[in-house]
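Written out below as structure tokens is the structure these notes cover.
A, B, C, D and E are the chain letters, set down in written order, and residue numbers restart from 1 in every chain.
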């Protein structure tokens, strides 16, 4: 609860800063504030409490995921400094929206009532619609915002319908009550339909095949930093929320529902990876990569009771490497009108450090050892095989192989081609974010227990 | 003192090289290479004195993965192969100028680190991690410092990377499956597993895919020739000299003991694949125009024989395979270095553009000749010991295998001598060929000395590896 | 057939028909008007449930605020013409197919659900007067106060967003 | 003491090799030659020492140095064995070797890489000694391959000529085919008897345990293939004539006197094994006989003086194999020795001629050298008479013994052998007449420079000629010292032929046959003064003969060409096909990706359509799967 | 007061809601005019709201109606943001035809 209050307070403060014309201080202040919030959140670790009519529930799940989101937001805010250099008047709006988005995200993993969940996801979504369209003079950005908005609202309708049916079945929005009621023998079928609709709505947000079509277009059109936000923060938030929803509502994951998850997971991995192969736009490529990672993360739903820590680890590994990758992408594509792979030509020569970071990030996403991405996949596969889904793991393995194909396309471009032009200026924040992110990635790779044992 | 120090030395070496700057990097790398060699010899002496040099430490609790490094004779032999070849390979690069030399040499040491880890790891997952780690440096070495057309090189290198990774991911799956059964990745726990023959078959095949691609066994070899051709010679040496021995080592250490009944049941198929590699590789090597490609196919033929030896599942086969691995490691490094020496002077790898070198460079010719002879396993070279033992073990399985495998001594002689003839002999070449420099001589002479010495007196190596191989045979026959 | 049921049927017919017309009418202004009718009929449903406050809020928010906003936008953009080119047949076909599919699937599941047997409980307690609603909405211990306040953040975000998307930058020009 | 001396015997040539290869260039030609020669002479001296010793004691000396290769069920040791057989071989290898080294000092004096030549020659002697002295099959194999290597190096000594290199390569590879056979034989013996050591092997076999006739025959056959590779028997003989590309002393030493007899040595060494495989013995005899006849017929029409001698060597080796096949090992050994004397002499003589004519080898361009080179002429004449089997020269005795044995066992083989002998007499005298009689047919320039060779060249000739003349003494019928000497080696005692009427008649027939051959040659080349025709004009059967029955072409067509074709086919098609199969997955994925991009068409309607369809699919699946809803 | 549900039945409300919801879906798919698409989405949300109220009555519980307020807030916020985006597009493109939004694809 403290976290949520602190975050909203921080968001409001950001807006006040603008009023008092204190723009320069916004980003440092926000980062410090977020760090303080992080400390506050971490402080809650180990407690189990619920606040205000069980609207907000604090437990290890919410604390760890909230901390992850806060860390990601710190990175994203840090990246904002250079990214919004040309929009000095709007910086407070951008930062405030990001902070509020974080509050939505936190609400999504610590909700105790479906109302909080719904509001959280709407805050997150609306903030993202805005950020996507925020480059208001750029048609691509507009288009991306519009697409995301239309389809997101459409999906929201399904989520709302799902909540409605759950309510219809249970007569309550409180997850504890719902989960208690769901254990009783007499269970209206509406409940399952509701859960199903909720799940499908969330699958849309996570971008799982066949609900994934929006992701590449939106990622491509959105400003790069927003893409970073969507592909790291939004994705893991949605995934964690789906996980929490299904586990908290004590949804009976029947065999056929598991088969649906397996099929969706396979489809997501395969479609995401195969489609990514021929992409020239890096953001688009990472969108498809995100779709495939969503497929991977879906596997955790098969072992709901035991795989929270695996999901946390996977989400952390994936999003942190995503941050590192996007820090480099932002640097490279600054002042360019597209994010094509050609922009990365010769980065290994002109800027070996960032090239190395991007390489590390991509290797991590591809699942190469010592990077945390490898361990994430390892734990995931381990869990899934233990649950008896060997075929799924084999498909996942095949997909990991395919994914190397496009991750290496980018690495090849960096090291195998001659640079087009010299890049000037060394935005220190991009550097530090990139390096810190990759270091965190490697550290949790070398010591996975740091994250794994949190839950 | 335990084996973890060797890894630390190599890793520190990699970083030290990276931070020492382009000028100093080669020397620092060489220094660390030599130190690691010295240290591994010291470890060998400790091991022979009966001291425990294993290193075990917990790492990840859930799933339980431990940082466990164990050294038996086999591991030590492979470690020594690695640490002996690394400084040689580093030293062999002294004649070349590399852009960003610090990165280059650091990557070499890093690769050596990963390979040493692969040879020492006694925990399945740790082993897998090292196995994969070794892939990354060679990828960059080949990609950045390779030669030939950039586009083609990239294609070849990426194919190589994806292909080998593809194989090893199935191995990872197998490991995870085994973990599910054993609850531990530790090799001794995995050895204790009682698997049904169906399970064993799948495990065996999963491992086989990884190793067949890495080794490579036909028909999984398609990445090899291109990559050998395109990689810088140092990379080719690392690949052919040490890295593919990782695959063969792993067959002995992991694949056979983990799935012995599958190995026994389908033995002939895998021997046949190995032998097919021998014949196929030799025949393809006959008509290669590119020197490095020819050597690549010769490598294919030789490792085919080694692989066939490992799959015989008898002591001779394993012992011969290990001996041949070491011998082949040295000789192939030597031969690729020869190709590099020629390239330094003629800037070509096309055999047709060479010829008539002998009259200009007697020293070089002699050393090249000896390497060629070692490669065709002339008795009194180390290669003969290995090849003889492997062929002998094959003859125990069926004399026909020995005969088919033995064609290597005919075909091998054919393509190697043909190559030698077209590269070295004939009318004096119009282009000037300077005889070998001191640095080059040191590398070649060390290799040749090694091959000839152990060709006459292989006992130290045999004695080192035999107990551990006997142990593995016992496990296979459990 | 009771009166209530008849009213329900009429209201339902109006709701569905006006919703359909919203979509089928070519002129956007007419669409908006049909939509308003639809909203009113839904408000009628609410009244049928005796949820007067909600019906009122519904009319104020939807018909009053949202529809006005949309109409305003339509007028602003001068879009009150029937200028929409017909979608290609394949798109229309797709829309119809997906409509039929989704409605048949949804209806099918709900038909399959266990029928509710017996009379609905009526405790007679007041549960939808403004007083009760206010308590449920605003009580911090037994109500949705946090959610209510959180909704304000939602609106704040929407507001900042709308401003952000429309505001011209001084410095960039 | 013995061990040290034996090591001196073994290593002296090796030290000579090292000295020559590393220091030779700076030492100068004469010193380099001297070092090479002395190294071999030292070995000869040691061999003589041991020979005398064993002649007295009769005790073989076996030397164990260290364990070499460990095989699961036995160890292969690095050891040497000095017994009657090996010492006999050592004696003539180092003896003739010394002479030829001496000869080479002068012969190779003009070559700039003389030190290399001596190095290789020394190395050869070293490996030959290893081959002979090895105490087990694998040590023998070291020498076996080692001499093959030296043969390769020396045939291709003039490496600037690619034809010579081809010949060298061919020799090496054909030898390697045989070597594979040898190895297979070793494997069979290894797993049959768990030992490769000669002494143990002999003991085991004689003990009679564990004898599976089938496998013994297989081992025998494999080993015989090995021997036929080294000793140039059908079908692996074609490398030997080509090997004449090397310098003449090499031809004399390696390709006439020593290396090519390794096969005979090996079979004699393993006589106890072959005795148990009569079928293989028959094969050996038949192949030997056929080889001797075929090679002799080819030799009839060759015009290259060294080629004639080469085919003659093949033919004579065939006779030796005939003897081996008949179980008459000591006779084969006898012929090896006599053959070494006269064939070495002939080669060195031809070398002397070639030297005088400045590397002219075509007999059509020689003639009348008798006067210019009397010593060469006389020594070669003696040797020719010896090889033709004229009483009482050495060849007569040894060849006669072979034919006699053949007659007793199989008249057909005797007929073939005799025919080969007659032909031998003919072509040898064809060679003599064309080279030394009539008028000189070369250029004026050559004629002007005609001279007898220097003493360093003629001295070995004289020594060898003497040996060729009197060599028969070591095994005269009835009083064979050789048979007695070799007695301990053989499992079966061979009764000496007691000379009866048949034997005398056979001797007479052989002599008459040889004289017949000489007579025909005389008639043809002296009386009618024929000179062989130019290459193009040769027709009919002689063209077939001249082209060596087209065996090389046939081999080329049925083995070399197909392999090369196969190689190209593999390289161009199979490799790409395999690659495209494997990487086809990647291509397919890429293609899928390309097609998939069309699905991602940017239309919101389509995206939502997919959403709805996906939704409906999931829901209806769940309805159908669990009747719960 | 007697519950209306006793006379009408909750199923009918569900079917009505479903039908309305599906009409909304159909509208989103069928129309190209972005504003009409917005309206269709509103229809979808209203369908759900209706069902909320029905369930609220069904359970005799105020929470359902309270949730409708949140739903309305969300709808309002969405419309505000949506229209802002729409205006931006209209300024850049001169049209609000969603079929024109096909630049991002592939």
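Throughout what follows, contacts are C-beta pairs under 8 Å (C-beta built on N, C-alpha and C of every residue); 3 or more make two chains touch, one makes a residue touch a chain.
For clarity, every value in this text was computed on a predicted model and none was experimentally measured.
Chains that touch both chain B and chain C: A, D. Looking at chain C and chain D, the chains that touch each of them are A, E. When each chain is reduced to the average of its Cα atoms, D sits farthest from chain A.
Across the two candidate interfaces, C-E and A-B, the one carrying more C-beta contacts is C-E.
Relative to the centroid of every protein C-alpha atom shown, the closest chain centre, again from C-alpha atoms, is found for B.
When every chain is reduced to the mean of its CA atoms, the largest separation from chain B belongs to C. Distance from the chain A centre to the chain C centre is 30 Å, each centre being the mean of its Cα atoms.
One simple way to say how far apart two chains are is to compare their mean CA positions; for chain B and chain D this gives 36 Å. Look at where the CA atoms of chain A average out and do the same for chain D: the two points lie 77 Å apart. Centre-to-centre spacing of chain A and chain E amounts to 27 Å, using the average Cα coordinate of each chain.
Residue positions of chain B with contacts to 2 or more other chains are 162. Residues of chain E in contact with two or more other chains: 10, 14, 21, 24-25, 28-29, 54, 58, 61, 63, 66, 70, 74, 77-78, 81, 84-86, 88, 98-99, 101, 103-106. For chain A, residues touching at least two other chains, in rising order: 115, 119, 122, 126, 129-130, 133, 136, 147, 150, 154, 189, 193, 216-217, 405.
Contacting chain pairs (ordered by label): A-B, A-C, A-D, A-E, B-D, C-D, C-E, D-E. Considering their complex, residues 2, 4-5, 8, 12, 15-16, 19-20, 22-23, 28, 31-32, 35, 38-39, 42, 45-46, 48-51, 54, 57-58, 61-62, 65-66, 69-70, 73-74, 76-77, 79, 84-85, 87, 91-92, 94-96, 98-99, 102-103, 106-107, 110, 115-116, 119-125, 127-128, 132-133, 136-137, 143-144, 147-148, 151, 154-155, 157-159, 161-162, 165-166 of chain C touch chain E. Chain D meets chain E in the complex at residues 597, 600-605, 608-609, 612. Only residues 21, 66-72, 78, 116, 138, 141-142, 144-146, 149, 152, 156, 159-160, 162, 165-166, 169, 172-173, 176-177, 179-180, 183-184, 187-188, 190-191, 218, 563-564, 566-568, 570-571, 574-575, 578-579, 581-583, 586 of chain D touch chain B when the two sit together in their complex. Listed in rising order, the residues of chain E touching chain D in the complex are 25, 28-29, 98-99, 101-106. Across the complex, chain C meets chain D through its residues 87, 91, 94-95, 98, 101-102, 105-106, 108-109, 112-113.
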